[in-house]
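Think of it as A, B, C and D in the order they're written, each chain with its own count starting at 1.
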Amino acid sequence: MTITRINVGPVHPSTGGVVRFVVDLDGDTIVNVEPHIGFLHRGVEKLAETRMYMQIPPYTEKLDYVAPMAYNDAYVGAVEAAMGIEPSERAKHIRTILLELQRIASHLFSIGLLSNDIGQMFTVFMWAFKDRDMVLDLLQEATGSRMFYVNMRLGGMQRDLPPDFADHTLDTIKYIEKRMFEYAKYMEKNPVFTERMKGVGILSREQAKELGVTGPVLRASGVSYDVRKNNPYYMYEKYHINAKTMQTGDNFARYKVRILEIQESVRIIKLVLKGLAGSEGKAEGMPVKLRSPNPVNRISIVRRELPRGECTMYLVADSQKPYRLSIRSPSFINLAAVSHISKGARFADFFGILGSLDFVIGCVDR
Amino acid sequence: MPIQDAIGNIFNIGYWLGTGNLLYQVIGIIIYIIVVSIVFSIFGYMMGWLERKLIARAQYRHGPTYVGMWGLLQNLADMIKLLSKQDVIPTNSDRYLFGASLPLILALSIFIILLLPYSPGLQGTTLGFGLLIVFTIISFLPLLIFTSGFSSGNKFGAVGAQRSVLILLGYEIPVLLVIAAIAMFTGTYNLNGIVNAQQSNYFVLIMPIGFVIFFIAMLAEFERPPFDLREADSELVAGWLTDVSPPYYALALFLDYARMFLGSILIAILFFGGWLVPSYLSFIPALFWIILKAFIISVFIIMVRATTFRMRIDGILRFGWIWLVPLSLINLIITYILFVG
Amino acid sequence: MIEPLAKTIKTTFFDKPYTTEFPENKEALPDSYRGRLRLDMDTCISCSACAIICPNKTITMVSVLTDKGDKIMPQVGHERCLFCALCEEVCPPKCLVLTKNYDYEAYDKRELVTRPEELE
Amino acid sequence: MKSERKSLLAALSKMKSEGFDYLVKITAIDYVDHMDVVYMIRSIGDIESSKDEIVELSLKPTDLWLPTVTNIFPAADWYEREMSEMFGIDIKGRNASRLLLEKWDGTGYPLRKSFAWDAPYKTSEDKK
């Protein structure tokens, strides 16, 4: 038995960032995968200790550059918990809508990249990016920025939604709902796709719990845990979300969970948009000032369901700066599972597995 | 038909001068090779443009727009850029084998071009067993790809090269069985004869199973998606071309498109009657029809590329041996029972 | 296999491209768009709030000669600006604003460091 | 829930047998005079309810080591490696020789409060 050692990365078309995998192959079968991370380590946790509270969102949202607003919200939520501020009803509605839009954008990105990873000539990739672009247009309309929206403020938003935002959103999400059926048909009717996805990279329910994977990867293995449902926040308290699970835990299940979650997000956005008009309170939160209010809680733990999984912010508060900000990033722990999942898979399927795990290197390295 | 006759003998200097001297024939063939290669390059180039444009449209993009009309010169600009880059030969590589492989592929491709008939008489050389030679060369190309990838000293290149040969193992037999059926039906290996045997019916109607097998196997032979495993850009970076320098890379890209057009012409000759059309359409020269047919087949190949995902190597071999080999045998038997025996 | 292929062919030949051809057609940007910074030098009160709040230390206060004498005003290093608009929010007279201008380029990143006089 | 180094493994095993079989995160906080280590664990029930629990312990800065918990929670692997690189807490009983993050030229443990984060960065070439 000769082992071929292939070095994938740090610069490789399908790793989705600067990460290096040392793959040991016996013939075409993977014997061992050793991930090497840290090429994009920016020390955000350390930087956060040196900045004022509201200076940090521009950094935290660059952790996950595919779904920045979700991280932004998780951080601001932690600071709100530390200072004992509760956002108004209207702000909660707006946050829920924007976060679900961000989830749609992120899942579309992931589905597109996955199709590219298993070897399509960018067709579904480009379609997904086109649809994601329409969602980003909405977010741009709401926040003024296309990618990095520093739009969360303590107790609310930077600004209220523009007047015709609700109509635009409704049009777009209806279109996306239609497109999701098209995607599912386009990909699942393709025999090569099902052959490449089904039964590949299986992560059983017990393994998934043991390895601590999170988000769609966990739910694809049949564990019904979603922070939005088990520890509801914002409008998820009122409009209950269904945690979408699949039982098989293979690549196909992970892809399918994302498709189902987009459909679920569309359903939730429709519900919240109905409630938005009648919601009370001021959308705008406290504007950023050179001095922030003093925290009332020393330690605050906030859980949020990001598109990639659960993020736990462990914030130890000081008077003007965080004393320690510890981020449990979903991509980090999902990537840690890669060597377990891909053991015994074919070399070509390794990239499908990477795509289905959907990690963002910025989020892994922090 | 005097026009057809003139087209057919356009490079035969002896025909124009009224002599049959061997020297004139050799000069004529050389001129023929040069002219046809240039024409073929233009078509290969057009294929490159067409693929970029069509795939862009399949993805809601514009594709090349700025360089030239409809971006027609974009590929030329890319080619110039690639050719002006430095030629680096990796130290780990077997430099002679590595350097010689790609030019050899080019030379062999030109040899195929020489053997194919494009309209009555317009053919570099008429051989009684042209079909066999064409497929011998086509089967030989993966071996050159293997030497190129394997001698590059890069692991991705080696993996791509191995896959290229593995595909050859799976798809050589169905192709040969299908052309055996064609040869059995027509009683000749002469490409001209095969085209002329389709006067009444195109072979696509006579052996539809054979056509489907041949089409899939041609995709595999020319390693178009879903069988583009030797390049596999999302897995193997660029597969057998990973360590190839830009000038050679430009050549490889060009060869890819030229070979796609070559495959289309071969399919047109074997299954769609080459230049033959119903008699009410024959006022347009024969050359136009064969190119039109090849173009339509190429567009279809491009559409397949835009749609499908890449197959895995074991899946490809399983598909080839479990489905294509038995089906091509069935095709052979049916053809024998219905039309020959 | 037939159905996806039909969908591709339909998209290719019957659907319009979604992308815009950039320099000729630009997309409409919302009023809140965050692009290059602009400074109104007449209303700037030289308070340095923008320089303090900037998370990336993009803004530095430099002295400028105006009609009312020597004043310190923000100089913006656009090469590392995050466009987070915190400076816009803390500015008391709202004289530092982010505009819709996003297409600017330079051969050297030092050229992107913009003096207060050039911020318009 | 407060714990100690001696009883950590026993406590975590007991929690796991009670259904807390999902490790959320292990992290540490440097309070200069002592260092807190936090184990966040969770029970994901079959009925859709979940409970979160935190196991804390504190270490003296002179005596920074912990037993590994990878035998109880395999998910702890990367968290422990990260923690030992970032805080200098020695994790005993595990056989990972390689650094999790790539090797860097500096010295010290970045997330400790004593780490000079604003010192000018020097690459290995500068030092030569």
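General remarks:
The rule is short, and it goes like this: contacts are C-beta pairs under 8 Å (C-beta built on N, C-alpha and C of every residue); 3 or more make two chains touch, one makes a residue touch a chain.
Given the structure is predicted, the values throughout are model-derived calculations rather than measurements.
Two chain pairs are in question, A-B and B-C; the one with more C-beta pairs in contact is A-B. Chain centroids computed from C-alpha atoms place A closest to the centre of all protein C-alpha atoms shown.
Separation between the centroids of chain C and chain D, computed from CA atoms only, is 41 Å.
Between the Cα centres of chain B and chain D there is a gap of 60 Å. Chain centres here are Cα averages; for chain A and chain B they lie 45 Å apart.
Measuring from the averaged C-alpha position of chain B to that of chain C gives a distance of 51 Å.
Residues of chain B in contact with at least two other chains: 58-61, 306-308. Within chain C, contacts with two or more other chains are made by residues 1, 4, 7-8, 18.
The set of touching chain pairs reads A-B, A-C, A-D, B-C, using the touch definition from the header. Partner chain A is touched in their complex by these residues of chain D: 21-25, 27, 29-30, 38, 40, 44, 48-50, 52, 54, 73-75, 77-78, 98-102, 110-111, 115, 117-118.
If you check the complex, the residues on chain C that touch chain A are 1, 3-4, 7-8, 18, 29-34, 49, 52-53, 55-56, 82-86, 89-90.
Looking at the complex, you find that chain B touches chain A at residues 55, 58-61, 155-156, 159, 225-226, 228-229, 232-235, 237, 305-315.
Residues 51-52, 54-59, 123, 130, 133, 140-141, 143-145, 148, 150, 158-159, 162, 182, 185-187, 189-191, 287-290 of chain A touch chain C in their complex. Only residues 34, 36-39, 41, 43, 45-46, 49-50, 209-212, 223-225, 229-231, 243, 301, 303, 310, 312, 314, 316, 323-324, 326, 328, 332-333, 336, 365 of chain A touch chain D when the two sit together in their complex.
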